[in-house]
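Mind looking over this structure? Questions follow.
In this document, chain identifiers A, B, C, D and E correspond to the written order of the chains, with residue numbering beginning at 1 in each.
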Amino acid sequence: MNVLLFGPELFYLGMALVLFFFSLQRRVQVERTYWAALGLAAAGFVVALYCLFQNGEIFFRAYKVDLFSQIFKAALALGLFLVMMISRNLAHIEPRYHAEFFFFLTTCTLGMMMLVSSVELLTIYVALELSSYSLYILVPLRKGDGLDVEAGIKYLFIGAVSSGFMLFGLGYIFGATHSTYLSEIIPRMPELLASPIGLVGLLLTLAGLFFKLSVFPFHFWAPDVYQGGANQVVTFIATASKAAAVAVILRLAMLGAKYGYSFTQALVVLSIVSMTLGNLVAIIQKDFKRMLAYSSIAHAGYVLIGVITFQELGYASAVYYALAYLVMNFTVFMVLSEVATDGQDLKIEELAGLYSRSPLLTMSLILGIFALAGVPPSIGFTGKLLLFTSAMNEGYFWLVLIGAVNGTVSLYYYLKVVYAAYFLEPRQGPLQLSWPTKALNWTLCSAILVFGVFPDGLVELARTAVRMVL
Amino acid sequence: MNLLSWLISPPGVATVAFILVVVVTILGALIAVSARNIFHNVLGLVLALIGVAGLFLFLNSPFVAMMQILIYVGAVCIAICFAIMLSEPMYLPKPPRSSFKTLGAVIGAGTVFAFLVLLTKKTTWTPAPERSTDWSVTTMGHYLLTEYVLIFEVISLLLLVAMLGAIVIARGGRGAS
Amino acid sequence: MDPILLGCLLCVILPLVAFGLIMIFTWRRPNLSLAISLVASTIPLIIAWTMLFKLWGIKEPLIFTFNWLVSDLVKVPFGFLIDPVSLIMLVIVATISWLIQIYSIGYMGGDPGFGRYYADLSLFAMSMLGLVISSGLLQLYVFWELVGLSSYLLIGFWYEKFSASEAGKKAFVVTRFGDVGFFMGLVFLTIFFGSLDIAGLNAAAASDKMPPWLITTSALLIFCGIAGKSAQFPIHVWLPDAMEGPTPVSALLHSATMVAAGVYLLTRIFPFMAASATAMLIILAIATLTMILSSTIGMVATDIKQVWAYSTVSQLAFMAMGLSAAGLAHGTLFAGYFHLTTHAAFKALLFLCAGAFIHHFGTNNFFVMSKEGGRKLTIPMVTVTIAALALCGIFPMAGFFSKELILGTLAHLDNKIWVLLGLFGAFLTSYYTFRVIFVMLFPRADDHPAWEQYWEEPEPHGHGHGDDAHGHGHGDAHAHDDAHGHGHGGHGDSHGVPWVMSFPLLVLAGFTLVLGFLQTPLETFLLGKSEPHEMSFVLLASAVGVALAGIGMAWLDWGRKTASWQGFIKQIPALETFFIQKWYIDHFWRWFLDTFIYGVFSKWFTYNDRRVVDGGVDAVAFSCIGGGRWLSFIQTAFLQFNLLFMVVVLAAVGIYLLMGR
Amino acid sequence: MTEHLASFPYLSCMLLSPVAGLFILLFLKEEQRTLIRGVSLVSAGMAFALSIYTFVAYDKQLGGLQFVEKYEWVKGFGITYFVGVEGMNAPLLLLTGIVIFTGVLTMWELQDRVKEYFIFQLALVTGVFGVFMSYDLFFFFLFYEIAVVPMYILILIWGSTRKEYAAMKLTLYLMAGSGLIIPGMLLLYSSSGIATFNMVALHAVQFSPWIQKVVFVLLLLGFGVLAAVWPFHTWSPVGHVAAPTAVSMLHAGVLMKLGSFAILRVAMYLCPQGFQYWAEFMGLLAAVGIVYGVFVGLAQTDLKYVIGYSSVSHMGIVGLGLATGTVDGLNGAVFQMFAHGVMTALFFSAVGFIYDRTHTREIHELGGFSKIMPVASAFFITAALCGAGVPGMASFWAELLVLIAAVQVFPVRGLAAIAALVVGALFALRVVQNTFFNKPNPKFVHFEDVSPFLGLPRMILIGFLIFFGIFPQTMVSLIKTSIVPFIKGM
Amino acid sequence: MLLFNQLETYLYVALVLFFIGLYGVLARRNLIAILISVELILNAASLNFMAFNRFLAPHPAVGQVIALFIMAVAAAEAAIALSIIIAVYRKLKSVNVEQATELRG
């Protein structure tokens, strides 16, 4: 077996162990832990990139390494690295838990990496749980006056119930197809979907994944967790874990493709409700992270648009959008955690005067927000338009119409952020940025612009990748 | 008469035993969710778990049944008991139950239940064309270390995460306060 | 290049260049501006006269056209049509505008807007010259509008005066009102006929190539424009107000040339217009009504410029009568056109004389002038009398010949009511004209009771509500208490009239005296032949008689030593008030504007815009926010409610899946 | 349509010169104001020069699409970078060049957050240029939104009078329009069967009438919002009032043209049958807008509101011209886009100058400005006269063409539009009289007139208005080269 | 057919357990009781697997392995849940889920 096939996972396993040993040390070494974690995360990203074009199946065909999974692994590695970048100032985590903090981030990443490569239902489930549990722990790890644990407990129970549903669904699929391997399930799908149990099994299975992506009606945790969790943790949840969820949904939803009209219709409805609800409720939010949570619900709806096409272009758009979402959402969260120097929750109006406090951050914020809103020439615009295009190709006129109108609604609350950052007068002094942060800002801004204007490479990559799962 | 003779025949005994196990399971489950005393809930859970273990016996797998008792009853329930003791004192007055909420829960859970029951009724299950009859633990172990080895490893990591997490979270506040 | 074409181009371009130069560069420097403007008006003058003499007796019109705008159906050529009609008008315009420019050196000297004044005059010269020699109706329309623009600028020249800016606006809007009709007519012709070439139109209409309904419709629509420009009922109301402009401007634009442009247009497309008897009859009726109406108002005005303004209206109407009557009776355009020519001379003269008085005395009220010794200004007094005689149609003044011709044409009509009305108009004209002359010539003693009546200027009711939304009319144009107080103080003293001002007076007086005898050559030139007019002695006698009767009536009322200085109309107070209030037409328009335009359309559209249209948009936005707030209640703080919701939705989706199968 | 490849990427240079300026500005310090202005002016000037070049160098005999640049952009989705110039967009490119160049000059005296201002303004202009030159739907839409969104910040920060409300309203309204555009545009893309965003290629596809009808109305309404088609116009007066001078200039002058241009370029070009079906409706909306605009404008007391409603009315003329679907009508409509653009830019730049000094735009408070600032007043009066449709200005010809075509196709609507000219005159002159004539308000008498430097941009605008007023054929012959084949292609 | 030899019997029992567990999750206030209910749900799921394994699956070992994994996951979940519940108690002085109502909207 080629070790490189399992390279990123092995690396992150090793990284987890290193961090585990850090956590065992009696002396609290904040700086050293951070640099170790950051260095490892960077190395992990390199490894993931290095393994990008690996191809093969390992673990008795339970684990498929292809371009599709490797792209997402690279994205996850990138996500982890980026979150590490902004974790220099972990104001809301006890210093002695920093090692654990990084450890759980790593295990979560590891779990998600396995998630995107798994082609066996049980592996998917366990990998999902691994990533979820790490996050369940990370959320209440925050120093706080109760919001953190409240969020943690809600997150946990909603997740537990969802995964209970998922297990039930997996059971039904297992019962109907006698296998847990996707490769064996797919040939039986037509007969399976002829019986209702297959559809319901698939639906229940997707429930667990929709929970991850915070699609309506499994979105209830998102606002609470976003608000209650530490900024860095939420950043990770909002970026990397979304990408992983998209990947696995793309893999699984394929099962229901082409056979189930009503299945697709159900997804359409969920998509529409997700974006409408997310966008409408986001309008009235005051807390920045909470607003972003609702925006993430809306974005989950957008991604579903790509999923329900069940076509190469749609899937490619969804992949593109997931990657885009990672970058743009991270940009916004980066600004958020830079502005919230004490790690506190940020009200939108607390962004006041950002333009004078730090023009660079403002630029990033504007670009990130506009990308989220789907304003060109950003990666978000291109992604959204590609999604709509592929959906329209499949004849989802109303879906596209509603999606586009939703885009307008969403602009309202995004502009409120711009309003606060640009218009309100500053109440605090200028923000000092370290040079890595500055570099990060420039990199992200250029990424948002460059991939928005020149999407071809990424789109081609995504198309090649999704051919692997179709 | 027929019934009686049937009852003492092996299938009859097994059926009676089965019904008993089912009743225990469901009773235990009911206690687990309905009793007002949290300890009674745990005991109900234990009962239900043992019942499920019994069902596993009926399903030809004594090993899993044993593990069920070992892990669930032996570990999980004990852990729950510890948690109960660490948390809210028992003597605190309990707020009255809201019938509205109960009704909602019944309706919600009932809908899903009814839906799934209907579904199960509608479905015709087809067994696999070729079925192996190898129920040995050895084979299971073999599977565990071949086809499911990845999960096996991941589970160990999962448990590590859970342990470390439990320690961090449960200990966290004390240090802080 | 053809010298004629070059000449035409120079006539149009030079003044335009002058306008541009002055407006951009030299408007702060009076002398330079004056020089530029004079150069740009002298050269056209020379060109015009040269062309007249060179081309005297041409048979075929000279036409030069270029493409100005070629779209698809719309093709606008830019071109010049040089024929006798346009040549004569060209000469008139060039001459009078040159004279006025000379005159204005004195009149406007020292005014802070001197440069701008000359720029505007140049703009006017350019547009009027362009109008006259246009070869197509659309091109004519372009210059027509530009003439309107320069009129607007010149009327509102003293823009700091509310009444002046108001009058400018009124002039522009009211003429625009007519022009819209004109424009519609042009659009109809473009669509249904395809060409707006003047020669082509005339030929087509004459040879029955156009459907009659089209001719009638377009003729009437075009007449709307004519009525606006030439101040015919009911949109004549702007012209009296336009007297707010400097007097030379009134002389040039609002008596001699610009207002005559309407009649000129009627002449220009006379064969076309004449092809529709219906249109001709309507025009005749309107013109007659206008003539009577304006004459009656002229009888009671106390402002010398007002009197001349109403006289202009009535004379323009008289020309229109002549033309339309000719159209009905298959006559020629000569009568109306000849009157246009003579009128240009004597009416410009009247105004310039009035300007001399005004300049000297700083008032517009001729009673005041009289009291201050107006008759001592010899040259103006003499020339004004000559012009007044011409206006009344007294031999041997130019007006005698042209009026006679028109009355003759009217007499050709079967229905004699028109000629009777024409005679009645002539009577009124003589009366009010000599009312002014006699008052000026024979002032009463200082303690004469009549002074009381005319010295006190009536309270102008238009100024009271002159806020922005009600800018349109100020009903009464009597008030000129502060009549252009710009720099006239220095000239107010007694050393008469400066030569730059008297020179034009003399030239025009000369024309007034001579023009009448040029009737035959002019007719030959215009029509190619001169038909001997059968002079009906009855008509001749009655015309002169009526004129003399009017003068006599004026003498009775105003001239003789024992005259009461009360108009005979004083005997019928209701009628006098009716006349003083100008037949309430201004009131009507004011009411129309306030009630309909502002009161109904503007107000309700605005309300609708704020409340319904914009309110609807805001309602959508607010309902989105409200929807968000409402939906946010789903996200309760209670975990189990959320879970319940989730479970129920999941079950619903599951049930849908089952049902959908 | 014949395509002639460019020998040199003029259009890309035109598009990129504001972008380059923008990037240079990013690295300048706020304190280096002169440099910032200089860089903006140079980049705007380059774009201006290039736009003049393309306008002049366009070969009318050759016709078709010239200066074409075409690169594959996203292969999987059939997106190409495809820019070109033809008769109908050359004037609008020129217009954009004029307005941005004069706009930068107009904002020369800006003191507050200069760097950001010019950055956003240049971003916006990039979008505008992009829309006018793009022949690929994707890029068309991309640039369309780029042109709209910076407006929010520009109004929010440098605006006045309820700017927060106005900025939000404007942006949301326009983006709601694009909410309709996206489905319409994508429906075309998906139903074409050739999976390309290339408009020229899409034009060759015969879409089913049903699709054309649906798409056309979606695009009509979506783009119509930006073109301030009645009743979707209410953002425009509010937005114009709030926006800073140069932004109003750009917005009313250029941005609104994006909407009408897009209706022509996308909706009518790609859905001719849809256009046939909806032409009546379109003409009705336009005619109502013309009449409505002048009447509402008549009741306004804020100078910019007045101009805003006059824009509604004038854009109605553009719409009416488009709705006729005749060569004259379309020629006139495109011409009117240009003429109205220059005219409104002049309007706003004159008002902006006065507002900068007096800090009021209430007609009641102003007065006698001809005395105080004769030059500034002359600018405004020129614009007002142009707005009143006085010949000798470019807009006269445009209106003439449109109105003749309109009477031909929709007699009643056309005549109503002509009748509205009277009210239009009243409306323009009322403002002129109350603001510039009469006695000066003593509060303002000490203000100085426009300096020659600040007068320059206004003079440029007037120059263009008059030039095309006197020589309309230079414009019309150019526009015609594309309109005639356009109509044939329908 | 014997009762205990029928797939459906087990499925119904699992469903009943699932129902009871879901009811508990939705109705109970005590966080620990909710956790207990979640355990019931997981048990129901694993019962499902075991039943399918017994009656349908080609390889009887698979279902058992799955059941074992579910147990492990459930144990891990219980550990985490309990620790968080203790943290909740420490911070909110209650394990009543209705006391944790700060986050809303």
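Miscellaneous remarks
Operating definition for what follows: a contact is a pair of C-beta atoms (placed from the backbone, for glycine too) under 8 Å apart; a residue touches a chain by one contact, two chains touch by 3 or more.
The model shown is predicted, which means the values in this text are computed figures rather than measured ones.
Identification of common neighbours of subunit B and subunit C yields A, E.
Counting only chains that touch, the fewest steps needed to get from subunit D to subunit E is 2. With centres defined by CA atoms alone, the chain at the far end from subunit B is C.
Taking the mean Cα position of each chain as its centre, C sits at the greatest distance from subunit A. Between the chain pairs C-D and C-E, more C-beta pairs are in contact across C-D. Among the chains, the centre nearest to the mean of all shown protein C-alpha atoms is found for D. Rounded to a whole number, the gap between the C-alpha centres of subunit B and subunit E is 6 angstrom.
Averaging C-alpha coordinates per chain places the centre of subunit A 32 Å away from that of subunit B. In terms of their C-alpha centroids, the spacing between subunit B and subunit D amounts to 70 Å. Taking each chain's centre as the mean of its C-alpha atoms, subunit A lies 41 Å from subunit D. Residue positions of subunit E with contacts to 2 or more other chains are 18, 21-22, 25-27, 46, 51, 56-58, 62, 69, 73, 76-77, 80, 84-85, 87, 91, 97, 100-103, 105. Multi-chain contact residues of subunit B, defined as those touching 2 or more other chains: 101, 104-105, 108-109, 112, 116, 119-120, 125, 127-128, 147-148, 151, 155, 158, 161-162, 165, 168-169, 172.
Residues of subunit D found to touch two or more other chains are 172. Of all possible chain pairs, the ones that touch are A-B, A-C, A-D, A-E, B-C, B-E, C-D, C-E. Across the interface of their complex, subunit A is touched by residues 116, 119-120, 122-125, 127-128, 146-151, 154-155, 157-158, 160-162, 164-165, 168-169, 172, 175-176 of subunit B. Across the interface of their complex, subunit C is touched by residues 101, 104-105, 107-109, 111-112, 115, 118-119 of subunit B. Interface of subunit E with subunit A (complex): residues 18, 21-22, 25, 31, 34, 38, 41-42, 44-46, 48-49, 51-52, 56-58, 62-63, 66, 69-70, 73, 76-77, 80-81, 84-85, 87-88, 91-92, 97, 100-103, 105. Note for the complex: subunit C touches subunit A at residues 621, 624-625, 627-629, 631-632, 634-635, 639, 642-643, 645-647, 649-650, 653-654, 656-661. Those residues of subunit A whose C-beta lies close enough to touch subunit E in the complex are 122, 125-126, 129, 133, 136-137, 140, 144-154, 156-157, 160-161, 164, 167-168, 170-172, 174-175, 178-180, 223-224, 227-228, 281, 284-285, 290.
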